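After this come two complexes, each holding chain A, first together with chain B and then together with chain C.
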Partner chain A sequence: MPLIEVKELSFSYEKSSNLKKQDLSNINLNINRGEIIGLIGPSGSGKTTLVQQIGGLLRPDHGTVLFDGLDIFKDSKVFRKLRYKIGLVFQNPEEQLFSETIFKDIAFGPHNMGLSRDNIAKRVLEAINFVGLDKSILSKSPFEISGGEKRRVAIAGVIAMRPEILILDEPTVGLDFEGSRSILSYIKQYNRENKNTLILISHNMDDIINLTDKVAVMSAGEIKAFGKTGKIFADPVLLHSLKIDVPEITKIMKKLKEKGFNLKDSVFTEREALQEILRLKYTI
Partner chain B sequence: MENFIETKNLSFRYSDQDKDLILDNISLGIKQGEFVCILGRNGSGKSTLVKTFNSLLLPSEGKVYVNGMDTADEKHNFEIHKQVGLILQNPDNQIVSSIVEEDVAFGPENLGLAPAEIKYRVERALNIVGLESFSQNITHKLSGGQKQKLAIAEVLAMEPQCIILDEPTSMLDSFSQVEILKILKKINKKYKITVILVTHSTREAMFADRAIVMEKGRIAVDTKPVDVFSDIDLLNKFNLHIPQGIKLLLEFNKKGVSLHLSDLSVDGCVASIEKFLEDKNAVN
Partner chain C sequence: MQDVFFGQYYLTDSIIHRLDARLKIALTLIFAVLSFLIENYAGAMYFFIFVFFIIMLSKVPFKIYFKSIKMVLLIILFTSIMNLFYSDGPIIFAIGSIRITQTGMENSAFIALRLLLLFFVSSILTYTTSPSEFTHGIESLLRPLSVFKVNISNLSMMITLALRFVPILLNEANKISAAQKARGAQIDSGNLKKRVEALGGVIIPLFLVSFKKANDLAVAMESRCYSCERNRTKMKILKFKKIDYSALLFSLAVIVAFLIFNFQI
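Moving on, here comes the complex of A and B:
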């Protein structure tokens, strides 16, 4: 059984007060335990709206979301049991830090779960370690730390609940190179430990290609393609018709191919590209 | 040419108790009509620096002059805000009206301009960003890229001399990113507006004429973008992302094949490789 089953899900913002985002129509998506799923598509294609439904924050008009076979919208008792198993890290989560100390902020989730004081402290330490911050930061105010640190604290707050599925909406936006790389490596590690499942929304195709097992491509509120990452990015017709961006190296190889050089164009890394170009140069 | 923005021994800390300076004794001049990008890792002081340029933040020590006006002198506030427009990462925070045209008119209306002048400014601003056919559209139905263009139009309608953008494209897909950068280039070259762009994207930085790299509240490097991006040691030292195309050219150089590093755009990389492939004299 898939861990997450999105079944014939449709949602319209029109009748609710928030009119800002894309409606969803007839979404079907199965996610297996331990998989890393990339969710891509242009700004405004419905990615955020979809993960908010999977996280149980927005109720679909039609269809539903099953977690481990349980309908998360069926009744509030079921949802209360499941809500800590689904961890959702919003866009710019650091904007939601609110407690006077970082310790209290990360402890907020575990506290709501009704854990003991000792257990909460243990979870907080574990989470702050996990995102690579020193425990001395715990007594500081969220306003005293840098943007990159805030982002990590916000992610730690979700990880402290030990969700079985972690959903991250653009987790590296606004972070510098090192910050992005380290957050992605923690995410990967979270997946490896205990086979946690991940959904990653990103505009950065390098990250999507390096990190995910499968990719769902969204456009205008629908999933237009879903499959193994390598397969999706090796399909030029699909990439073109869905206007999917490709890594810079792939663009360079495509342009060279268009100029008449007999090169493979589904190349995603510099090393592959180098080999491919040297092969052409010295074997002909 | 005279400096439009000038800082003299500018230092900044959020409160007197802070032992670390966020900005540490910066003396810097930015000339009218320059296109400057500001790079550096998270927490290096980029955003803080540009916020002192339109008097959002005032120096703890030293001075900032905008077009000769001391930002610490309250009587200049209005004029400084008129001359220096600020655009942030998330356009949703900047959009105030539900109709595109009304949104752009908001600033000029507050300046108390005549209706004919307001109309002229709105049309002109929408034209520059390419949203002229969207004037009657509903703002929240625009895509992310269109919203950011709208935010730029809002600022343009104030007829500023300088536009500061703090990571304006980090939430956008790469197609919209390029569009926004082209608009900025046009605003700068055609309308002679000074553009100051804070970014983590090396690709975006290439659009600028001058690159400033910040480190620990100081200016570490101040040079042409191409000089930053062809210097691998510098890129690594300041934790800057190295675009794949440049990495590829550097890989070639490591193999003893010396490729041109003068044009680091995607097309420039393609041209360098093309030249290498066509060069019959190259030896292995």
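Moving on, here comes the complex of A and C:
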């Protein structure tokens, strides 16, 4: 049984003249335990709205979201238990920090779960470790650390609840290269160690290729394609028709090919590119 | 908190939208005052018919009005119930020291009607006037105050920004409360203590975000050479057109008829 099963889900925002948000129509999506799913699509295609439904924060108009076979919207008792199993990290999560100390902020989720004091402390330490920060930071105020550190603290606040599925909405946006690479590597490690399920929303195709097993492509409130990451990116017709960007390295390799080098058509990772270039070197 | 709320601009292509903002603001004020002069049910009736006529003309769906009425209904109920108990006159029935009088009943009915009218009249103004038109209108109407060395363009910029920030902050509040809910904050469920606790998680970040946004905006404005000392020119210059004059005449006729009607019968 899939961990998350979205069935014929549709949702529309209340119409107003100013705020334009994308409605969702007929979304079907199955996510298996342990998978890393990438959710891509142009801005305003409904990615954030969809993960808010999966996280149980917005109730769909039609259709259901099943977590481990349980309908999360069916009754509030079931949902209260499930809420902590679905960890949702919003865009710019550093804006939600509010406690006097970082410790208290990370402990907010576990505290709401009603855990014991010792248990909370254990989880806070574990979480801060996962996002690669030193535990000496815990006694500081969340307002005196850098932007990148704030974001890690905010992610730790969700990880501390030990969710079975972690949903990250553009976790690296606005961070420098180093910052985003390290956050992603910690997330990857976290996922590997806990055999967790992960949904990653990103506009950075390098991150998507490097991290995800499967990709769902959204456009205008619908899922236009869903499948293995390698397959989706190997389909030039699909990429073109859905206006999906490709990783930087793919663009470079394409340029090289146009210059007359005998290279493979679709190269997505630096490693592949290196192998290709080396192959070329030895065949000449 | 919903997407549509009291006081938001709702764009349609109606005549009311095209009217001069100054006229709309002035008339709104006049009608607000007049609604408190209503003496009898016939006057209230007359007023309501006029208001609904304008609502029809505004092409803003009734649904939108009724959605935002929910937010003011509590205030209306509260004031009208308070009036019920604090009036003298012939007693209808009494429980202990609580007396309900006939004048009390009438007063509370009228208060409710007046507040409802006030709500509709001001809603028409905010639904049909964009924030920038609104501030231009205010600025132009307040211009005489510059005799007293009040910086009108500064004042109107403040009003514009305050209005502009309402939807932004509402949006931020929604985002932050969703994020806290995802961490198990009980914002709209659970007991009072839990809710108050959870509210801190929304208000503190919102406070910080609003300061940050205000600061960013101030920097952005200054870096584009905004200064309140200099006289700024306008892209849209407010000018009375034919439809404004006819709307003015029509409203005057309605007002005069109301005054005669109200005080003679």
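Everything below uses one rule, namely that the second predicted complex is superposed on the first by the 251 of 284 C-alpha atoms of A that agree within 3 Å, B and C clash if a C-alpha of one lies under 4 Å from a C-alpha of the other, contacts with A are read in each partner's own complex, and residues count from 1 in each chain.
The criterion applied here is as follows: contacts are C-beta pairs under 8 Å (C-beta built on N, C-alpha and C of every residue); 3 or more make two chains touch, one makes a residue touch a chain.
Keep in mind that what you see is a predicted model, and the values were worked out from it rather than measured.
Asker: Which partner, chain B or chain C, touches the larger number of chain A residues?
Answerer: So, of the two partners, B touches more residues of chain A.
Asker: By the touch definition at the top of the document, which applies to A:R271: first (chain B), second (chain C), both, or neither?
Answerer: A:R271 contacts chain B only, not chain C.
Asker: Quick one: classify A:S43 as touching chain B (first), chain C (second), both or neither.
Answerer: First partner only, chain B.
Asker: Touch test for A:K259: chain B only (first), chain C only (second), both, or neither?
Answerer: First partner only, chain B.
Asker: For A:M113, using the defined touch cut-off, is the partner it touches chain B, chain C, both, or neither? Pick first, second, both or neither.
Answerer: In the superposition, A:M113 touches chain C alone.
Asker: Common interface residues of chain A with chain B and chain C?
Answerer: 19
Asker: What does chain A use to touch chain C in their complex?
Answerer: Chain A reaches chain C through residues 13-19, 52, 55, 57, 76, 83-84, 86-88, 90, 93, 95-98, 108-109, 112-113, 143, 157-158, 161.
Asker: Can you tell me which positions in chain B touch chain A when the two form their complex?
Answerer: Those in contact with chain A are residues 40-43, 47, 89-90, 92, 140-145, 167, 170-176, 200, 203, 239-241, 243-245, 247-248, 251-252, 255, 266-267, 269-270, 273-274, 276-277, 282, 284.
Asker: For a test of understanding, state which residues of chain C touch chain A in their complex under the given definition.
Answerer: My answer: residues 2-4, 8-11, 167, 171-172, 175-176, 178-186, 189, 200-201, 204-205, 208-209.
Asker: Which of the residues in chain A end up touching chain B in this complex?
Answerer: It is residues 19-20, 42-44, 91-92, 146-149, 170, 173-179, 203, 205-206, 243, 245, 247-249, 251-252, 255-256, 259, 261, 269-271, 273-274, 277-278, 280-282 of chain A that touch chain B.
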